[in-house]
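Letters A, B, C, D and E mark the chains as written, and numbering starts fresh at 1 in each.
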């Protein structure tokens, strides 16, 4: 169908770099693994920027055919607007989290290699590789393998510390994610049976609204929803993300969830025929709305800070599902606004949630506990972390001038423009509730420490600056002019070209 | 970029510059001393940049525009003057407290928002500045750190955020109604009557701005916040910040009478607010709370005037309402400074320097002929003199007089530090300066609103025409004040933020719902239930897709 | 009712059994077994699909078969990981199920 | 025709019976035995579906290796019946789950029946162009060439799974010996088996891997047989698993995927696209990578069966 | 010639099948574990031998025929040692009578 485009080799570099890095790091051992990981993740940011620039310059998706075999026989690596934007976001967040984790996960001088140090850096590289494969994959089965690797990497990162209570929640996460993967695999089997290919660009526009295709779509959507912890299926996310070390939970909440989201978009926007998609999208959006309201409400009542932030993830994921009925609504103007809004929400949430979890981790280490009711003194001990938490909270609430605000404004205007005002009400309600729990934490940290509590010990500025940097990026996304997000529209079926 | 537009940019740039200076510890120590300097560009802009062509900054794809018409120039000038006086007053008043620098940061953000609101020409800038002024005010309120201040701050923040949400939805609807995707306020207001959701937008706008201006159901935060805040902050809260709501209503409500009924509704709400506030105010003991209720009452009268002006399509309504609000900024700011000064001035000097001017200003609110207030009442006379509304307006003037006399009595009963206490000259200058401005300002600018000569000429004729009309409400108010003095004790003491007691029950209801939802959520997290949910989701999606394809 | 369709129905039945086992059975080991049954069913469906998309000359389409081989190895890796975690959990907390003890606090489910 | 239908029917029924037994078995150990039976019968079904490669993989990895791991865990997870009883859902949930799963299965069956009879798949092109790759066995051609990226990612997943399983162990045991300790068997059947079977097994394993190029077989199946032989020797106490910190083991583990990656890069340099098998080097390079992959798969599967480190070196 | 061989092969395979049936009957009917082990290993291994012999004429070539015999030998080896181990385990689990 389409041969390898000029800048295609960049995609291979984006995929091979972290994967080869992980293999080498595993062999070279502890300290070398850390240096290699930092180097490769830094290069990853460069590659992410190069891919996005190439996609913008060409104005069309970049394709690379490994081995020269064109689909349907071979596989294709595809970097359209969505993939390039998410690749860049993940590269930045991963590099930031790597810098954050240097202190906590360095190999102690006296030992040649420790379990936690080697494992952390190898899993970080594996996560980078699997995320790149999940975003750039063009074949639905190839995406299944990438998704599996992603789940294993995320799982291993989460139970790095091996706390007793952690194994049960991680096992729940693994089993539920495996059910999701198998349902997704079942969907790919039916699709292959129906069309003889699994390349989503070949499938786009050629799928019929018959029984196998629709059941395949339903299975794949349910599987991906289970991996994204959409509301009724969120049993595994809060304990898994809260119990993980701060660096891991930042990646889990910020990035891992987004990979399944991009796959969901591939299924709903490319593969599914428009008529049934339009009919079923409100069901998913309704679950998203329930996620926003219940997630925020439960977050408001959480006793522990990390669980509060984890439930905030469950809530913010709901926004991503709100965009489906709007993008599929048919009106070109509404669709492009909602599309940009949804992806901007994905991007700004990635930065904001990563910053929030890192800040929460720092506050917990400074105070020695993370009970929300007794956060007094954190403001003095780790001021930058608290400020980062506040900024990230603003972005999640959607207070101008943050990235979250622009995303929610776009979703709001497209919802109202298309007459689906109820999504607008949910967005605003979600914003208020988010404001509630962000205020609850901030007010706690500003207050004076309770008399008897041990003096919170101030932490070095390095990790705090990383969290602050991530939060600032999330806010800066709101300052960028809307036209500059044209990258995201490239390659979207039915896109009108860049945003007017 | 003409000189006038330069002034407009400078108005916004000055507070930001000081804010930037706060980042480094050395300059941060000197910033509180310079607080009075920040609003001055705003004052200059009001004097010289009124009516200048709007400045359009086509930066980030959003055409950010700054514009200054006559009414907003009036309000900007008065607000800048009050901010400057309070800014000079603050270091002296807060000198001994620890968090002065943090207070300065919150002060500058609120100042930026408060002045910016008058200059904003497009939806985004307006929303940004409005958000700054309402959210940053929280910092000023909780400055003392007492539990009462925290509670007031929390309630203020909660209501402010709800106001923000209403405005966000209203602006989204407006932006959607505008055919071209321009975000200028003028286009938005032009497109308002045409949009299908006109009623919803107007409702949201009135709710958002009414909450900031303190109309009755939404006024509960005002009597709580103003007394809890330190003195200079209360002065600015009551004087300048509340006006953000008024300028919002002025800007966004279409003046060409396309409101079918909203104007009368506003007038009724305004008058009801005026009388309700007076009723609650007279039972208060803390002079600052009395002043807060007086603010609510005066804002009620202002909104009533605006409502009637729009309903009857009276020409020049915006200018008249702005004039009335301007007088309120100056007088109320001065009175708050007076309350701050009461503790520092003793003996004979106390009555001469403090009580007498305060009395004159207080009676001005009732419309005492010769005072600034009288001119303000005259300015809004064309709007408020039609039959029943006229009578109610006069009665509200009497009510104001009663409330202000009650305030003077509470002010006088404040214990002075000691007989020989001499206040430092800065607070004294600030108080007297503001008092002078409250009296002279209206005299000087009265002509500007009337058709005649802008200087002095018109004010004497207007006063001479109907002295009795202005005088009887003041006398009635004085008589009522005497009665209140004797039988005041029997009145039921209304808790600060009267309707808030009801809100308590709503809070408890919310907690019950929260508990029920989280219990449901916990049951959902059991493994079998989640497994069933997954299976149900697959079948439901399959059914929905089939329905679509069928 | 040719051979492959029969195995297709078997695959569907195995998927149903696997899902039922995963949802209802409480012990982690039984869940892992059910997961492998589910995987077996899905791979059988791939096998049936391979027969249907086979061109004239070939008995079966090699592409889905290659996918099945990859799938089996990935499923094995998943099972190994799950079993390692289950054993580790048992060593530390003597627990053999993933549902939290009844008195678990709302948070640490 | 009838005989075929009869045979298929019987195999299908047997598989269903084994699956039902796996779910309904009273003890976990019995369930695992049932599952191994299910795996072997499933490989029979694969032969009936004309997929001999998959049958080999199912028997070796699906039933064999998975069976060993599950048997090990069934033995160690014997207790906890009370906890399981407490966590088992009530009749209503079970009934509802049965209903919903049944409904889904029915829908799936209808979907399979509704699949179009003839679909233009890529198989014809795969067969036609297999000469370019030089691999007679089409499945091997798809695995190594056409969908090379899948196999690369999958082999990396295996290596990663080993590291993940190792990371499950406690910190103090890092650098120690993985897996439980087995006493050295002096004599008896296990010692006999462990001495006689491995040599034969190794030859068969290498044969399967070697013949995979042109006939059913391949690296995963061959690797699994080699791994099985090592596990047998380990079970009999004849050989000790290497320490987790041992560089050589990691090198063997990584040799396959890294080799495949380097060959891919070589293909990018010589032949213009990543993961292409350069015509010049062709067959020898392919065999070299295949051998490295077999070794890596064998090491990975063996170490996955052994499990996380449980004692100091 | 080949028809006679094939007929002989079928005969042998049928005999092998009979031994399998006997083995399974023993598995179900015999009282304790040891005798069931006995039935299984003896009958099934012999049955497999007969079936292997029976299939020889149908084998594709000498190499394939050799493979059949190697398969039989491997099953004999692993079957016998497995049965021995299970018997040891059953013996160890019995109460010291």
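In the analysis below, a contact is a pair of C-beta atoms (placed from the backbone, for glycine too) under 8 Å apart; a residue touches a chain by one contact, two chains touch by 3 or more.
Note that the structure is a prediction, hence the values are computed from the model and not measured.
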Chains in simultaneous contact with chain B and chain D: A, C
Smallest count of steps, each to a touching chain, taking chain A to chain C: 1
Distance-maximising chain from chain A - centres being C-alpha averages: E
Chain whose average C-alpha position is farthest from chain B's own: E
Innermost chain, taking as reference the mean of every protein Cα atom displayed: A
Rounded Å distance between chain A and chain E, as computed from the means of their C-alpha atoms: 57
Chain B-chain E separation of Cα centroids, rounded to whole Å: 97
Whole-Å gap separating chain B and chain C, where each centre is the average of the chain's CA atoms: 65
Between chain E and chain D, distance of the C-alpha-averaged centres to the nearest whole Å: 27
Chain C residues counted as touching two or more neighbouring chains: 15, 19, 22-24, 26, 28, 32, 45, 48-49, 52-53, 63, 67, 70, 74, 77-78, 81, 85-86, 88, 95, 98-99, 106, 109
Junction residues of chain B, two or more chains touched: 518, 525-528, 531-532, 534-535, 538-539, 542
Each pair of chains that touches, named by its two labels: A-B, A-C, A-D, B-C, B-D, C-D, D-E
In the complex with chain D, residue positions of chain A that touch it: 4, 9, 12, 16, 19-20, 22-24, 26-27, 29, 64-69, 72-75, 77, 112-116, 119, 122-123, 126, 129, 133, 139, 141-142, 145-146, 148-149, 152-153, 155-156, 159-160, 162, 186, 190, 192-197, 210-212, 215-216
Chain E contact footprint on chain D (complex, rising order): 188-190, 192-193, 196-197, 200
Interfacial residue positions of chain B with respect to chain C in the complex: 518, 522, 525-528, 531-532, 534-535
Chain A - residues contacting chain C, complex: 73, 141, 144-145, 148, 152, 155, 159, 162, 164-165, 167-172, 174-175, 178-179, 181-182, 185-186, 188-190, 192-193, 196, 235, 238-239, 242-243, 302-304, 307
Complex contacts: residues of chain D adjacent to chain A: 107-108, 110-112, 114-116, 119-122, 125-126, 129, 145-150, 152-154, 156-157, 159-161, 163-164, 166-171, 174-175, 245, 247, 250-251, 253-254, 257-258, 261, 264-265, 267-268, 271-277
